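Two complexes follow with chain A in common, the first pairing it with chain B and the second with chain C.
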Partner chain A sequence: MRLRLWSFALPALLIVVLFLIVPYLNIVLMSFRNPSPTAIYAPGFTIQNYVRVLTDSLYLGLLKDTLLYALATTSICLAVGFPVAFHLARTDSRWRGLLYAGVLSPLLTGVVIRCFGWIVLLANNGLINQLLGLAGLGPYRLMYNPIGVTIALVHVFLPFMILPIMNAIQSVDPRLGEAARTLGASGPRAFVRVLLPLSMPGIQSGVILVFVLSASAYIIPMLLGGGQVSTMPTVVVQQLMGGLLWPFGATLALVLSLSVLVLVALFGVLNRRVMRGVA
Partner chain B sequence: MRRFPKVLLFYIAGVYAFLFLPIAIVIPMSLNAGEYLTFPPQGLSLRWYVAFLNSEQFTSAFVRSVGVAFAVAILASAIATPAALFYVRYMRSGREKFRLTMLAPMLLPEVLTSIALLFFFNQLFFGTGTLAPLVIGHIVITIPFVFLTVTSALYNMPAGVEEAARTMGAGAWIAFRRVTFPLIKSGIVTGAMLAFIMSFDNVNISLLLKPLGTSTLPIQLFDYLRYDFDPTAAAVSTISLSLTLTVVFLIDRIYGLRAVRF
Partner chain C sequence: MTAVQGVDLDVAEGEFVSLLGPSGCGKTTTLRCVAGLEEPSGGRILFGERDVTRLPSEHRMIGMVFQSYALFPHMTVRENIGFGLEMRGVRGGDADKRIAQVLDTVQLNGLEERYPRALSGGQQQRVALARAVVAEPQLLLLDEPLANLDAKLRDEMRFFIRSLQQRLGITTLYVTHDQSESMIMSDRIVVMFGGRIHQIGDPEDIYNRPASAEVANFIGQANMLKGKVVEARDGVATIEAAWGRFTCGTSRPVAAGSVVTAMVRPEALRLANGADRSDFTGRIVARHFLGNVFDYRIALADGTVISVQAMGGNAPPAEGQVSVKIDQEKAWLLQ
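So, the complex of A and B:
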């Protein structure tokens, strides 16, 4: 009986283990292989790939840029998204369903289409520059540079910040904030001491999601960067599609993932410290 | 009626405009009669839709994308639904580990998954000559979404109806088919539709796993946008957008969008 029930889960388990976990272990293996000019890799193992990534200032610079993009995107998403999440969690407007769909539906629209929309808006003769032109300003260079890439990153990943924070705020009793006010706390003080600590789990998952997603974004820097902006993922994919530099590509991808992981863990520890001080 | 400060409401309206504008803008662009992506459009025309229909590359990519998305939706829900059922109803030990395994594809960066699968398939199947690697890749990343919607449908089922059916003499299969399945059907359909959208819009997995010389609609659009900016891209975007929005609308009708959680 037990065995027959397990068979329910077997296909899904098999797929995830065979086509996700094994391939991930395989990347690790690949990163230690010898590169070869004619095949995918040469026999034998080496740590040379890691030495090369960690000593070459080109790749360290790329890593720094990628993490800075992710950091900027995450901070902007948090600042922009928190009020929206708060409103969405607490509103009793009859437009609530529509507003929720408004946050959700960009998430279900292809990322290429959203990038295309930004290209139309940000181009030198695009809508924004034309409107600025009417006011006698510009044209400004808004894309094919870090500004355009950051704007599109924020747009694409903002829903991932809003939704978890909204869920967290929904589970905070609104009367707690009112109680704090009644007991004499000022508005900002009630916010910092009551709402912020209680919605922290949502903020934490939003921050982690957006940071991980934006650090591994590939399409957005390609399209909005127009070849002028390189990040770690764009270089990795170019390496893999262009040539047979698989062991090195694997190493680059892993170094990026590990750096992201370390920062996320650091954020978790730091957050707990700070929150213990506040709450 | 809850009151929010006026400033907050203005700010929020601004954010919604920021969310919507880049998506909405492609629609007027696609109806532009002029040669270029200029604003305001120089007259209305459907010429770019005709250009889409006349482009073999775009139409074949569209057909391929729809086919792949259908296959992925059906297979992912067929694979993930029993797993969700097992997890909610029968699993006793190792639940958290199992749940994490099922959600892992959603938690790991897609680009990395795509690279991992590229290596794996190349070493295993000597290249990616067929659509199989791409379909498998899409199934892997959509399993978590079906798993989530079906588990939440199972948790939302009225307690005890299944036991009631069993007590009244229904066998396990009959109880499932006549009681449980109808109650979780909308959850399964929602999961399948999400899988459809995810697959239809996917770029990260498709880019590395597609067979040489063929492409899916988002990949074709991506390649096009790197070199060209004529309004054909806007027409393609609008068509793909209306397909996704139709599915989102159907999900909302069937199950309510609020059930879609990430």
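So, the complex of A and C:
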């Protein structure tokens, strides 16, 4: 019986192995290969690629920048998204459906289109600067710099923060907050001691999703960075497409992946204490 | 929308008062206003001399037990109970002592480190009670706390809550839709329908001297007897009905000749074979054995069918004509 149930998962397993695990192993393999000026890689294996990434301050700085973008995006998404998620979870307004659609709207168009939308808004002669101009301000440089990239990252990944948190809050009995109030907790204290820990599973999912997605974002930093902003993904693509340096590109990609993985694991461990008894 | 109107209620210190009514009658809204979880659009709420109408919940020094218990799922039993103490600045050894004491009171020793989901419904209920009373609130509010328990446990908990309340001497407001629950537990009962108070009184008052037909019907079974007032004085009215004449108690002046309805409980009627000095006669339509009593349906002369619960006694009548006698002090004139 157990074997037969297993067999249902086989097609999915096959796809995962074929299209996810094999390519990943290939990247791992590639990262240990020798570079070649004429081919994808030269014969033999080396750890030189890793030594270069981990000792060159250029690449370490790049890694730091990328993770900082991800961290900033995640923090802003959490700060902006939590109130929205809370409202959506608890409101009985008849506009709820519309609000929900609004939250999902960033997912309804392709990321490239959305980036061009932001370019229209943020450009030196864009809508926002024109409006500021009317008030006698600016123009401010809002894109082709970290500001523009962060704005677009937040916009695109915000739903991934809101939706899991909303789900978590929906499963928290509103009576719990009231019980805390009757027991002498002020509103903020009831929030910190009751609602926040109980929405932690949603916050954890949202934080991980947004962090991972924004650390690996390519199109947004490319389009809104306009070549002025470099992150690990943009440099990886440069290595592969421009320099044809596949082994080094693979190494950069893996270093980013592993760093993100380590941070996510660390976050999980830190969270375990808070999550105790929850879910 | 107004859920509750004209609720004027005075609860004495140490008193156990039930808010009783069908769902949607505003009893829970009233309780939530007292708890500070809802703000009334008008009126005032006083604790002693102190106006708390606009005072946030956390400053009211209350303890509340919710129907769903609302235990914090991410905290152990000890942490749940200690929460209110911590919020009120009681910490360390003093808090530990009080938690141990209250655990003793609700008989939950040994379960301190359990999480709520690892407890049975009855245990969760007792944790919720312990959590509500541990900080010695000046007012205990209970919102249908027994509704989610099975019948046997519910019976036990009624007595448990009542004795706990008496031992602590804590003023208590108890919301329920279960009339027997409110009768067993309360010093006084407030009967509510449609957002209004219909009657306030002790259980005997409510049962024997209901203010309205709604109250009479909600609290147990009642026979409604229509008739014309013959005379009324000294709190006793004589009523002439199509099938006979009877007397009942009344608290209001009624004019002779007015058409009224009186209420009499099924167990306040007595049956006898044949026709002795009885008030009137009727015909047995049906008889059911309920264990402790027989439940009779008896058709009166004008076709009115009344319910009578009578002890078996010797040779309880099974069919045919019977005479029916009304206990005068148990029949009551309705408004």
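Rule of thumb we're sticking to: the second predicted complex is superposed on the first by the 260 of 279 C-alpha atoms of A that agree within 3 Å, B and C clash if a C-alpha of one lies under 4 Å from a C-alpha of the other, contacts with A are read in each partner's own complex, and residues count from 1 in each chain.
Criterion: contacts are C-beta pairs under 8 Å (C-beta built on N, C-alpha and C of every residue); 3 or more make two chains touch, one makes a residue touch a chain.
Given the structure is predicted, the values throughout are model-derived calculations rather than measurements.
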Following the superposition defined at the top, how do chain B and chain C come out on chain A, clash or fit?
fit
Looking at the overlay, does A:L99 come into contact with chain B only (first), chain C only (second), both, or neither?
first
Once chain A of both complexes is superposed, is A:A265 in touch with chain B (first), chain C (second), both, or neither?
neither
Which of the two partners, first being chain B and second being chain C, lies in contact with A:E178: first, second, both, or neither?
second
Using the superposition on chain A described above, determine whether A:I27 touches chain B (first), chain C (second), both, or neither.
first
Which partner reaches more residues of chain A, chain B or chain C?
B
Contact-wise, after the overlay, does A:R193 reach chain B, chain C, both or neither (first, second, both, neither)?
second
With both complexes placed on chain A, how many Å separate the closest C-alpha atoms of chain B and chain C?
10
Which chain A residues lie in the overlap of the chain B contact set and the chain C contact set?
none
So in the complex, the part of chain A that touches chain C is made up of which residues?
173, 175-176, 178-187, 189, 193-194, 197-198, 276-278
Which residues of chain A touch chain B in their complex?
5-6, 8-9, 11-13, 15-17, 19-24, 26-27, 30, 40, 80-81, 83-84, 87, 90-92, 97, 99-121, 123, 125-127, 130, 155, 158-160, 163-164, 167, 212-213, 215-219, 222-223, 233, 236-237, 240-241, 246, 249-250, 253, 257
What residues on chain B touch chain A, complex-wise?
1-2, 4, 8-9, 11-12, 15-16, 18-26, 29, 37-39, 78-80, 82-83, 85-87, 90-91, 98, 101-102, 104-105, 108-113, 115-120, 122-123, 136-137, 139-140, 143, 147, 194, 197, 200-201, 203-204, 207-208, 218, 221-222, 225-226, 229, 233-234, 237, 240-241, 244-245, 247-248, 252, 257-258, 260-262
Quick one: in the complex, what on chain C touches chain A?
35-37, 56-64, 66, 68, 70-76, 83-84, 87-88, 115, 131-132, 135, 141
